[in-house]
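For reference, chains read A, B, C and D in written order, and residue numbers begin at 1 within each chain.
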Amino acid sequence: MSLPAEFHEIAKRVNNWGRWGADDEIGTLNLITDEVVREAAATVRSGRRVPLALPLRQDGVQSGMIPGRINPLHAMVQINQELFGPGTVACSDDVVTMGLQAATHWDALTHVSHSGRLYNGRPADTVTAHAGAEFGGIDKARHVVSRGVLLDVARALGKDRLDGSHAVTPEDLEAAEDLAGTRVRAGDVVLVRTGQIQVYLAGDREGYGYPSPGLSVRTPEWFHARDVAAVANDTLTFEIFPPEIEDLWLPVHALDLVEMGMLQGQNWNLEELSTACGESGRYAFLLSAMPEPFVGATGTPVAPAAVL
Amino acid sequence: MSLPAEFHEIAKRVNNWGRWGADDEIGTLNLITDEVVREAAATVRSGRRVPLALPLRQDGVQSGMIPGRINPLHAMVQINQELFGPGTVACSDDVVTMGLQAATHWDALTHVSHSGRLYNGRPADTVTAHAGAEFGGIDKARHVVSRGVLLDVARALGKDRLDGSHAVTPEDLEAAEDLAGTRVRAGDVVLVRTGQIQVYLAGDREGYGYPSPGLSVRTPEWFHARDVAAVANDTLTFEIFPPEIEDLWLPVHALDLVEMGMLQGQNWNLEELSTACGESGRYAFLLSAMPEPFVGATGTPVAPAAVL
Amino acid sequence: MSLPAEFHEIAKRVNNWGRWGADDEIGTLNLITDEVVREAAATVRSGRRVPLALPLRQDGVQSGMIPGRINPLHAMVQINQELFGPGTVACSDDVVTMGLQAATHWDALTHVSHSGRLYNGRPADTVTAHAGAEFGGIDKARHVVSRGVLLDVARALGKDRLDGSHAVTPEDLEAAEDLAGTRVRAGDVVLVRTGQIQVYLAGDREGYGYPSPGLSVRTPEWFHARDVAAVANDTLTFEIFPPEIEDLWLPVHALDLVEMGMLQGQNWNLEELSTACGESGRYAFLLSAMPEPFVGATGTPVAPAAVL
Amino acid sequence: MSLPAEFHEIAKRVNNWGRWGADDEIGTLNLITDEVVREAAATVRSGRRVPLALPLRQDGVQSGMIPGRINPLHAMVQINQELFGPGTVACSDDVVTMGLQAATHWDALTHVSHSGRLYNGRPADTVTAHAGAEFGGIDKARHVVSRGVLLDVARALGKDRLDGSHAVTPEDLEAAEDLAGTRVRAGDVVLVRTGQIQVYLAGDREGYGYPSPGLSVRTPEWFHARDVAAVANDTLTFEIFPPEIEDLWLPVHALDLVEMGMLQGQNWNLEELSTACGESGRYAFLLSAMPEPFVGATGTPVAPAAVL
């Protein structure tokens, strides 16, 4: 079995290998120029900050279906411990074990490979147990502050949330642009709202993951045409799941991460942001979504903030 | 043994219990108003982004002296795994175990207690193994974007880095304000540079931790007078270590976290920021330093960005 | 709410506090004398070894209902890594994160407390996040090799496995003794088979845990009368669950661990052992069930072997 | 670079590939027959049990030199938690994260590979991040109870402990056999005492690991000739370290694990056992050293017991 011709055709059209040099490890993040950031700062009107991360806890979005991707296990290793003797200042300390892709996260460019290749044509086997991703690990993606644009597809289509079988198309994205009253442009970080996270927030972990609306295999070309820096949404799998084309699993991952070199974000809670943008009528903002620089990691939890 | 009268006198002067209501769990973060954030956004000139987190890796700043506070242990649980069959898109996934205070981090208000009390007078025993910090956990501190000000004490005093015995005083902070050409004001997040992190960067973990310059027990009053929202620096212990007053361990922690309810940050790498501020002559910027919302945690890794 | 009078009456009858001195931390393990071990060795006839531990894997018996008690998460940190250069001997290494009570395990005497007390009257608050169980941790129970006796209650009652509502009574244990053709005596480790583990082995984790047969609140007196050293069985909760007496949760734990000071084992796979004992007609054997000596731990995985 | 001819010559002489069939995954453990176990049980005289595991704690033998092999990190997730309401029985639970080879452990046959091969000729790449060691994982080695023989080389040579440069030779092993008054025979588990663990017990972790006495590259042929089932000792690296032959790293690992298919044990504390055997004049005993059955793991902590 191998990936179908249809996939490879799209792949050619969105491929960015070599675009920023043979040694590039950050892909479309190169599109976030200082000018883009200056303009992003200029979008701030109210000063309202909207956090976009889900709480990190053992009762998180993972249902156990994805091997190894465990919800955060938090444990105390000190509780009010008077380390310097009785009556002294007492310390509490804690540890966590978690899957780096378990909660609100960024996928690193190396989170997937296909046909033995990672972004920029690097061999997939440069990811090892010893060093993780020596090339293109999440620790290389250290400057993710840009203009954010909420494409509120659910609202644009007049729905609370999209159906589980809804593949978000370029037309949907443009409908959301119309609602937003702004055009997505080079260097933007695009947040696509489906409303699916409501299913998790209502307590249904299994239903959240499957079936789930998500991005269509047609969207990478649209993001490529707009020269987007990164895309995140409010679903477990990012792309529609199960997939649009039978037996073609995770094509959007392969196109975005491997071919374009574009970061993907998942499990972002866009509900409060939707309300805030709806109230203000403004869907562009300053977005800070800095990866935790885990060396060699193929993903990272992220605590994004939209500043409106 | 108990804390000396001297400590309790300062404690009274900086105490904020009840200032934002009996139920408040975020302390001085209340001082970051929307107006402060708007002004912070207005400081952005160049669009340059400076990340302030150390890389997260097993070879981190912890030397093993603090029980349980382990450096990040990163492990791959999938490496280019063709989860959907041979020839399909392949996935890599990873997990981490780490002390939440191990690397570049925020202390939650509940990281320390004294005399059986946490910030806002809550009993220390509300921190449990079961739930962590039910009150005042780091998950409550979700909006840390504000104006940042670098107080580059090392540079202001004409040094590469401060001596291990140097307690940073209010006078030092004011010298750094003079260098910065700005006054610290309500809602600011202050970053105090000692240069000590250079010791770790040069490969000497033990020397980094001890002896170390850090904030004097006299600084909480200064931060209180200025109504600062949070303070971070580039040392392991935040305050001078070993302490200024014999047998009075961690007084600054107790004053900042318990009495004032002010977040502290440690192990922030301020070297590139020092260079950037020096080059531009501007020491105020937009700072995004969003805590990862670990529920009930007494600290969190953070990946801060200064936007100049 | 507090524990009912009925509980306290039984507690008095089985209490062993002070029996082996005020400093004793191992309780009924004191009953395993060298003579008992010599006799245990003398039971070996065939030399057949039967392992009693479930495989340790992420797909283990824990369903997520018990907070923090996670199934083993195994991860490779080296895979055929040529640490000393290309062409040299290559190493693979791995790490695990797991709940110590997640799989086939021993409860330490300190796994439960009631009325603020642990075994031998020690205060419950001697268990801390800093040191774990300073008194009575599993690391103190280092010599668990003795005569094992399988009380195959399911077989004695003519069933494949007991119903979920079956509380194993002293009469059931005696019926199993009759089947075994041996009397339980001082220092024995008793393995009680209900057959419940079949539910897990058939793939039903939830059904395995609840409802589940298990030991009746009447059994501690029987074990006390026989001066048993330890008891293990093939269920998640050890005692019948939900409990026999409304709102009296975990009474058997409290009686066995706190009052008697007797180790309990759970999630032991007794199926192959049942077959082996049935074939040979002999239900007594040498049992080695050494705790992993986790310092301060309130439980431990164990890999027991019956030698027939 | 590749392994020298000298290595390959020894490899041929000790190779057991195919000896127990092409599908065999346990190697020399096949030599532990029921008869061997019966004879092992018959060695028991006093009933004295000697535990051989080091305590599992954060302050363990690992110094941080071996990437990923972390000492056990123990954390409480419940402390006297009244899960069923106030006044009910209270529970304590804990979790651990640790390197499987960090403490007293068995190496699985798959712990090392050379020339792309594992034991029995299997490809090294059957070890994956996804499944660990699908072939020859430690979960396959489930019946490790046999006759144990202590070869107390330090005592036989009249020393408290061997020098750091002492490679234990076949002649040393035979001197220890003379002291023991027994011959090592098929199916035995041999424990070789160097005394090196005293260095760790005295608080010197670095000195324990390096330089260290250990088994000579000449010993695998001796073990092969005697048809030993497994070998363990009281050092960090098992074989002499640094190695006898320049640039030939870990040859004993490669010969024992890959060629012979013989389990190796490290960091076993043989001090109390040495005393016990010295006192009784008997160096053979029943040994139970059951691996924890971590599925796909390349090693496991073990809590061995010698029964004299």
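Basically, contacts are C-beta pairs under 8 Å (C-beta built on N, C-alpha and C of every residue); 3 or more make two chains touch, one makes a residue touch a chain.
Everything numeric in this text was worked out from a predicted model, so none of it was measured.
Asker: Going by the touch criterion stated earlier, list every chain that contacts chain B and also contacts chain C.
Answerer: A, D
Asker: Could you tell me the distance, in whole angstrom, between the mean C-alpha positions of chain A and chain C?
Answerer: The mean C-alpha positions of chain A and chain C differ by 45 Å.
Asker: Distance-wise, how many Å sit between the C-alpha centres of chain A and chain B, to the nearest whole number?
Answerer: Between these chains, centre-to-centre, one finds 26 Å.
Asker: Counting only residues that touch at least 2 other chains, which ones in chain C make the list?
Answerer: 67-68, 70, 73, 75-79, 92, 95, 97, 128-130 - these are the residues of chain C that touch more than one other chain.
Asker: Think of each chain as a node with edges to the chains it touches; is that a line, ring, star, complete or other?
Answerer: Complete.
Asker: Which stretch or stretches of chain A touch chain C in the complex?
Answerer: Contact set of chain A toward chain C: 58, 64, 67-68, 70, 73, 75-79, 81, 92, 97, 128-130.
Asker: Looking at the complex, which residues from chain D come into contact with chain C?
Answerer: 1-3, 33-38, 40-42, 44-49, 51, 53-57, 66-70, 72, 74-80, 83-101, 110-114, 124-125, 127-129, 132-133, 139, 142-145, 247, 249-251, 253-254, 286, 288, 290-299, 301-305, 307
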